[in-house]
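Here chain A shows up in two complexes: once beside chain B, once beside chain C.
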Partner chain A sequence: MNQTFNSCPNFTTRLETASALVHKAIDAVRQKNIPKRNLIWLELTGCSGNIISLLDGANPDFKSLASQMVNFIYDNSLMAAEGEAAMERLFGMTGGDYILAVEGAVSTKDNGLYNIIGRWKGQPVTAYETIKKFGEQASYVIAVGTCASDGGISAARPNPAECVGIQSLLDKKVIKLPGCPCHPDWFMGTLAYLMLFGEPELDSRQRPLMFYSTLIHDICPRRPYFDQGIFASKLGEKTCMFKLGCRGPVTRVDCPIRKWNDRVNWPIGDDSPCIGCAMFGFPDKMEPFISFDTT
Partner chain B sequence: MNDHEIFINMINDNLNEMGDTIDCLYTTSNSCVKNKLLNRLRKNMSNIAMLTQGLRNGASMNNPQPSADRLFTAEELSRYNGKDGNPAYVAVNGIVYDVTNSAAWGGATHFGLTAGTDVTSQFASCHAGQPILSKLKVVGKMTG
Partner chain C sequence: MNETKRVVINPVTRISGFMEIDADIDNSIVTDARTEGLLFRGFEKMLEGRNPFDAVYFTQRICGICSTAHSVASTLALEDALGVTVSQQGRYLRDIIHGCEFLQNHIRHFYQYTAPDFIKLPESNTLFETDHNDFRLPKQKNDLIVKHYFDSLEYSRNAHEMLAILGGKAPHNHGVFIGGITTQATPEKIARLRSLLLNIRQFICDSMIPDAYAVAEYYKEYFEIGRGYGNFLTFGCFDGYERLDTLYVNPSTYSDGRIMELNPGEITENIYSSWYTSRQETYTPFETIPEPDMKKRDAYSWVKAPRYRGLPYEVGPLARMWLCGEYRNGISTMDRTLARVLEAKKVANIMLCLLDNLIPGIDVQKEYEVPQSAYGAGLIDTTRGALGHWIRIENQVISLYQIITPSAWNLSTRDRDNLPGPGEKAMIGTIIRNPDAPVELGRIIRSFDPCVSCATHVYSKGNLIKTMQVVP
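Moving on, here comes the complex of A and B:
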């Protein structure tokens, strides 16, 4: 399957989107045509899967991003500083110019008490107050992953901590990059575009069209099976998994082109139906993830 | 603008695009560009095939009279849940549609909805004004 689209310009050009933008941004920073912007990455009520995913980026990779494109000011998983010293880096940006990337939803119950992200001057700091403080002041806010975008798994039923996506707490427009996790290309390409040209063209759900314009179903390598009515009845079969409950036909993103883990594979390529992780309503509205005995 | 006019407009848009693409084909000798243009033509053809199918279905569906005369109670409808050999039907505005092979209804479910139910309010809140119903096969209408 991996060879099928190698010669198709629709696929080859899309594969280069993120790397072209990042290299252009790095060149522009090096030549001092644009400033090297500050980047704050907040991990709120989530699993930290998006920062792990970002580290897995390949052409462009994380090292290029952190060393040549932006000043990576804060991320609690990656920075050397810890405790108050780490929080000093974050709070030191108050009033400054920065782009804010956020992963994880925001727990709102009891004023956000159920997610403390650090201590500042001896007081606990909640995710809730952090996003309020740093979100409104940011030059741009990027929701990285499904939880930050729409609540996602953190806000799944019964949602005991009353988690929400960050847009519902901010008046400022949030650029959403849903996906569980967000693909490194989606984030790095969007960040580079922001630095070079400002806000990219977004769809009605605030997702950049350069990555989120096409239904998975429309570019799925197994689409011919769907058109011929040849359906898998159990996992492991190499045909269309529509009858197993595949969400590719309702999910807009370019996984079939970009793939994961250094472009090795993606769920459908490994005989697992798409579960719609990059679509609003995930996971509740995308369940059941697998259905058998469908007519 | 009703569904029928939308379909006609979209067919015309595709035909215009095909005309432009053919003009471009006459002028290019680059094989890569040629392939891209030919792909675009194929895409237009596939769009037109889909749109004409939609028009055929729409001829009977855009008026309130369903083509099938079968009447369904809510209980009868619930049997058509897309499982174990039963087709997947849903009701919208009193008309029962077949979604068994509708791509958006993978596993006979759609954004938390299951086949065999009346989805009128959910359809109105998410798909108002979109030419979706005319592409579906009508199998009957609800009683009462």
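Moving on, here comes the complex of A and C:
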């Protein structure tokens, strides 16, 4: 179960990218070759599932990230402080040096009042004004997950909270890590690269090529079934799920080799179709997720 | 001196989602309290017109920490609507996936969300800087729990790894679907699941349960704080298996000292204090989806008020452990926390039993057809309590989708009778030791394990700008 299906160095090397980068960054911090950077993690209009996914990181893991690589300044799910004292940690970074990671889209309806993330000096602080304030001033901005990258499910039609991805509110360039949720390797690898070398090579949609350069369909272990026209007619079958609505042919990310949760499985390995959760336009342009009545 | 202080805590950190606690403190006693969610996305509206099968993957995105719960409830609603009877093997597989989420959630809730309220974590880590000093455990005991805080990350992660073995990935699994799960058990998967599960169970028994009792020993007054109504409700879980019977708890309620069978027909939702309008102020799940209305007078939250027989009910681990008779020590902040860690052990044992009964290589999937019109309900107890999904299908697409979450029960708003929700009720009457650092309120609310991402199809007080943080 833990084995990769392919021993090609192109695959195996890529699997080690994230952990190699994180270990290199931790070493560099320890030897004071690079500073331990401040990290602000904002949970905005979404499900807070990307911070949970980050906790699922195995190698590299969350503990080494939070204790050895960065100063984790703010995160709603994990920080010990609450109320104004918590917001002080965030606003205390004003004018300082920090890297900003954002999960969730941003609700823009009624000046952002549909998503309030806290109170500062008694006044409600919206997700909208927070991203405006802390986004432009950040050294780097990373959109973690599909909602922050492109609106995602929070912006699904009819988009009741009028959600948008964070780039549309910022002049500052946003590095996008779509995926619902974002894989912990994608985030930690990107963060380590930023600390060590600056901005990684990105594609035209601002995704790091080291994780987003391959189409799922091109490296799918079930590709031979597609090529021979052998298609599953229901879930649970071991053949190509193209006719059930698989979005592997349009989704660009390295799921088939990286897999999930300590590399134990992935959606197609679970005999279910890819739903394109790492693709722009998810979910509206990726639906229906499952259909039995295609020809 | 008699003075009323208004205390506002926002954000309430270490919960899932955004929430404000708003309390009046009079002579050190909480005289009024409100819980308010601060995020609106409107999933019920989004689901209208979509392919019914998509609800299973779509609704999971309501919540990142309890996404499996939504996949299970929506699958049950679809099975009800399609008239699909799930096989016993299908149920075992699905319930094992669901069990993984209980383990993941309860371990993270105890160590990452609850422990920082009572345990001094190393402030050399910026994440752990605190705003109060009510830490009472002797250094040695404190430091052991600090060690377990970090050790626990491996076990909650492993619980999600188990979930992915059967469910493809976590959060937001692909495995739970009509008929059971998408894939099949293999001897290799069963062996791996058992091995991971035994390690997690050992951590629960050797570390988490003793740690929870260690905290309880030094914070004894929390057995008196945060009682609430003492009404309990469960939709049942790990129950009614053909051969294994009920391994945990049947759908039931507890009120006035009596345990009764649950009658789902008695569930209503009320929007008296919520920013919604509808033809009816109180409605049953299939009747209507209220429209958002920010300008509604006298409303203070977008959390609605679910009621059973017109009354607020508490849901969650304490409710279940009480109703199945395994925990009857008391009803309080600390009892909720103890019930949760004890439940983790119970669920681990149930999962071992289900694993023992798995038969490898059974395909539970079929080709399903969306009916022209149908309706169905999926009622199930999940990590945080009773979760209901109600679906109506017309012209082969979703025409109505109603979701009532556990945290909507626990964080519900006042109805026309002015009855506070269970979380609000639990705070009212509490003695606050230091009104400038009212740690009690966050501790009480966290004992409910609120998930505001779930409870809020919610928004809070658009045009109601309240005054300062602490107002004399």
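Everything below uses one rule, namely that the second predicted complex is superposed on the first by the 290 of 295 C-alpha atoms of A that agree within 3 Å, B and C clash if a C-alpha of one lies under 4 Å from a C-alpha of the other, contacts with A are read in each partner's own complex, and residues count from 1 in each chain.
Everything that follows uses one rule, which is that contacts are C-beta pairs under 8 Å (C-beta built on N, C-alpha and C of every residue); 3 or more make two chains touch, one makes a residue touch a chain.
Note that this is a predicted model, so its numbers are computed, not measured.
In the superposition on chain A, A:217 makes contact with chain B only, not with chain C. Once the two complexes are overlaid on the shared chain, A:243 sits against chain B while remaining clear of chain C. Set side by side, chain B and chain C differ in how many residues of chain A they touch, and the one touching more is C. By the document's definition of touching, both partners, chain B and chain C, reach A:287. The interface of chain A with chain B overlaps its interface with chain C at residues 287-288, 290-291, 293.
The part of chain C that touches chain A in the complex is made up of residues 8-18, 20, 38-42, 45-46, 50-51, 53-54, 57-58, 61-65, 67, 108, 112-113, 116, 121, 125-131, 150, 153, 156-157, 160-161, 163-172, 174-175, 177, 182-184, 188-189, 192, 292, 294, 363-369, 442, 453, 459-460, 462, 465-469. Against chain A, in their complex, chain B makes its touches with residues 32, 35-36, 39, 82-88, 100-101, 103-104, 106-112. Residues of chain A touching chain B in their complex: 8-10, 217, 226, 229, 241-250, 273, 281, 284-288, 290-291, 293-295.
Within the complex formed with chain C, the chain A residues making contact are 1, 38, 43, 45-53, 55-58, 61-63, 66-67, 71-73, 75-87, 89, 107, 110, 113-119, 121-124, 152-154, 156-161, 163, 180-181, 233-237, 260-262, 264-267, 269-272, 275, 277, 283, 287-293.
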